[in-house]
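The same subunit A turns up in both complexes below, where it pairs with subunit B and then with subunit C.
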Partner chain A sequence: MGKPDAGLDKERRAFIKKVLNGTVAGSLLLVIPMPIGAATPEIKEQIPGIRGKKWDMAHKRFAFIVDITLCIGCGSCCVADRLEYNVPAGYYRTWVERYLKDFNDNVYVDSPNGGFDGYQTPRADIDVEVRDTFFVPKLCNMCKEPPCVQVCPVGATFKTPDGFILVDAARCVGCAYCIQACPYSSRYLDPFTRTAEKCTWCYHRVRKGLLPICVNVCPTKARKFGDLNDKNSEVYKLLHEHEVLTVLKKDMGTYPALYYKGLRREVV
Partner chain B sequence: MKSTYNSHIKRIVLGLVVFAVLGFVGKIVMTPKSFGKYGPYRADAIDEEANREIRHGTNASCLSCHPNEANMHLTGLHKTISCEFCHGPYADHIKDGKVYGKLPVKTKEEIKVLCLRCHNRAIQARPGEVIKTVIMPEHLEKQKVKVSHTCDQCHQVHAPLKHINRAKEIVGAKEKIDG
Partner chain C sequence: MDALNFVFPNDLHVHWSMMIVLYPYLTGLVDGSFIVAALYYVFGVKSLKPLSRFSLVFALAFLSCAMFPLMMHLGRPERNQNMMITPSPTSAMSGAGFIFTVAIVLIGLIVLLVYRPTLVNLRLKSKGVMKILYRVLTMDSTNLSPESLELDRKIIKFLVAIGIPVATVLHGYVGFLFGGVKANPSWSTPLMPVIFLFSACVSGISALVLAYIVIKKLTNQPVDLACVRTCINILAGFFILAFSFEMLEVFSHSYLRTWYHHAVEGLLNGPLLYSFWVWQVVICSVLPLLLLGWLCLFKLRASVFKFFAATVSIMLLLQVLLMRWNVVIGGQLMSKSTRGYTQFHPEWFDKEGIITVIVLMGLPFIVLFILSKIFPLWLEEEKASS
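Presenting the complex of A and B:
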């Protein structure tokens, strides 16, 4: 009986060691305050130069570029966005519009369920010969002069020093002024929390070095996101090359940080 | 207070002082902590938003535990498609590094619906150089299979041309579809 007992003892020792290590490590984790991003070591960094560094509020510049020549209207972005934030049905932080132009240059726009179910069938309600048709994904424009921030009476919508427009759910009273003020219709009043929610360009992911979820899931890389301080980032290169990049509703004076590549003039 | 020639002024001054003190105390009590650090808003809300739960991982986080799928997915034409688009978010599957829930695997008609979200040529807005599209019953007729076939009967969903190219290798067909 000597041998099996010895084996058992060893196992026991190893087990106790493991448990002790686990407890010590666990309690240390509780004691040491975790910097943002340390909690997600299993996911590889997608935006270089963010993890392990102090977040420099004042010197961050991000840009979003949507290449509508690549968008195939699959709605991956809409699905992922809804699941990332548990957005209630019928409300959209991001959506995809379908534009049709006939030979008389009439423009027809639709967006059934915000593109969440994808575009499975051609438009049945109009009977015209289609000359040009394309998809336009929409999301928050992250204006440099945001009208929604200006109208908020309680300081619930604000522009962070790093350029994101965020919503403080604890302060928002649900007056919906921002919803009226936003020229891009990218805000909605959550029916359950009564908070005027909006797309945040996945601020929580960006702070941890991950791409916004819609950029991450886009199969054709029609959505691009990056740091303008990083000269190797795709958005930096696109913005500094001779590309046709446009913003929506330039005349509103909002100076969006969201650019569209290959956008037609019909898009509003 | 006995009425004197300046008692009304005293009352007004006292009232103003009380008003100012109340206002001052009220402002201190009612202004949220960290309000005004960067601007007229609660600066703590930035960190609250930054600490929101991450519900989606990346393909790398899924494939690190699923080597068989990784082999197929990363070599096929579908390598840019997000795992989580078809299967659901990472957070519904893994919690604190442990398996927490089972993610659905799409079958038959659901697969067809998923495929046609991208590959349906009836939606003219899809540029041919970006994606290969088909017209549905026509494609099945052309390939001489039953119209009731679902896409995954020929196309491995993770690497759509894997089985087709393998079959061609076996029968010794010369032409191989690249994409």
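Presenting the complex of A and C:
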């Protein structure tokens, strides 16, 4: 009876030693500083000319181009955006509209749940012969003359020198004047923070040389983003070649930095 | 739902709801009653004397409550002082706090100066807390010499004269808050401040006439018919202007038939068909216009005149409320997609709900009641007590 007991004791001792060693080693890992790069490999730079250079905001001129002819209405951009910003249900930083046109030139538009679920089935509520259909992703237009910035009574909505329109949630009083002023309905009042929210073109990512998350996930490259001062960027090439590009609600005089390729006249 | 109806996903919410209907309504009542005071003190319309003091205290009571709806509306009301501390000069809204402060200080000063002889007399007669209060309100001066009263009169005239542009800015500015929103085709018109201003005058004068007749009836005091007649004549003038501009806005655009018209006609003939055309235009504008014509042009018996003066005042108060509703909430029903309309369902117990509206509408009357205990509203009461 004694032998098995002695063996058990040895095993116990060995087990306790292992646990103790593990605990000490684990604690040391928490205490000793480790280089970050070793734990998380750096994501490859997606927008050239940002990393490792002194950030000169005024010299950047970003543009966003949506190619309507490439969008398949999968909703990946909406899903990625909602996950990136934890956007509450019923509010949208970006959304995708579905346009249908019949042979009588009637235009049927819908955007159930902002296109979040993807357009997997045809519209059930209309019974017409569809002549044409296309998808239009929408997001902040980052206007050069932004009405939202103009009307903000406390300067909480502001324009960065590199052209991004952002909201300082710590200053916003939640008056919703900017929401009224935005011709594109890109803004909403967050029901939890009770302040204005909007698409930022993922400013936090761009500052680190990464593309906006919706651009990153778009499977058909319908969403394009880049610096217009970089002559090698896709947006520069698109805007300086023979492509037909236009902006939304041109007559509003807001001069958006969001351009659409292949935009149809039915789109508002 | 109509298959052609498309509302931008973020446009399903009506962000400016009943509080923003109430705010211009309250400031409008202030403006209108101040007009009556200005007509008496600056332009010497003597027949308005019975209402001269009441109109000022009425304006003060409503102005002191005018900011509450805005506070209730703000998502972060605790940051409201940012509008004064960090105002953005490009924003039409950032002037609100400053214009409001100027207006309330000015009307407060006018009330104190107009009431100075009364307050001095009351100070001499009262005891305890009221004596201290009157001492503060009279700035510890009991000088009622003819020279000082003459100086008072000149200062009052000057302050009320300044008050006219201040009151104009106070309300014209509210109209501009809407008129300056280019994103909303039913708001962005240079006529908006003008429409708001004249309708403010209409609502304020109507409120004064109604309150005067009701209070006098309840307290069994005689109504000064000449005063009410003058008010009704002025009311008719302002209402003709207000209604003409409201209709000019609609008809000129419907004649021009630009994109603006096509965007707005669906709204006015669709979701706003009843609240705009039936209620605001036909029931609360055309009918009162006919009634006002009858009251102004025909010699009527005193009792008939009083009854219909009160009736037309109620209708016009409703007209202006409907106008605010149709502009503020109606304007937001149309999505910026210009392809469809959202819906608005008022809640009872919401932060900006119906109960809040009732409380906030009742508040100025409570303030008015308290003020009436300090400032006698009617000259006859004062004569009787002295």
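By definition in this document, the second predicted complex is superposed on the first by the 227 of 268 C-alpha atoms of A that agree within 3 Å, B and C clash if a C-alpha of one lies under 4 Å from a C-alpha of the other, contacts with A are read in each partner's own complex, and residues count from 1 in each chain.
Convention: a residue touches a chain if its C-beta (ideal position, glycine included) is under 8 Å from a C-beta of that chain, and two chains touch if they have at least 3 such contacts.
Computed from a predicted structure; not experimentally measured.
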- Message: Looking at A:V247 after the superposition, I want to know if it touches subunit B, subunit C, both of them or none. Which is it: first, second, both, neither?
- Response: neither
- Message: With both complexes overlaid on chain A, does A:G118 touch subunit B (first), subunit C (second), both or neither?
- Response: first
- Just subunit B (first), just subunit C (second), both, or neither: which does A:R171 touch? both
- Item | Contacts of A:G155 with subunit B and subunit C, given as first, second, both or neither | both
- Who does A:L228 touch here: subunit B (first), subunit C (second), both, or neither? neither
- Touching A:V217 in the superposition: subunit B (first), subunit C (second), both, neither? first
- Task: Based on the superposed arrangement, let me know which partner A:L238 touches: subunit B (first), subunit C (second), both, or neither?
- Result: neither
- Message: Applying the document's definition of touch, where does A:F134 land relative to subunit B and subunit C: first, second, both, or neither?
- Response: first
- What part of subunit A is shared between its subunit B contacts and its subunit C contacts? 155-156, 171
- Message: List the residues on subunit A that touch subunit B in their complex, please.
- Response: 36, 40, 42-44, 46, 57, 69-70, 72-76, 79-80, 83-85, 98-99, 118-122, 130, 133-135, 155-161, 166, 168, 170-171, 200, 203-205, 207-208, 210, 213, 216-217, 219-221
- Item | Contacting residues of subunit B [partner subunit A, same complex] | 32, 35, 38-42, 45-58, 60-61, 64, 78, 80-82, 84-85, 88-89, 97, 113, 116-118, 120, 122-127, 130-131
- Task: State the interface residues of subunit C toward subunit A in the complex, per the touch definition above.
- Result: 1, 3-4, 6, 8-13, 15-16, 73-77, 79-80, 82-83, 86-88, 90-94, 96, 177, 180-184, 332, 335-339
- In the complex with subunit C, residue positions of subunit A that touch it: 90-92, 95, 97, 106-111, 113-114, 123, 125-126, 138, 147, 149-156, 171-177, 179-189, 193-195, 252-253, 268
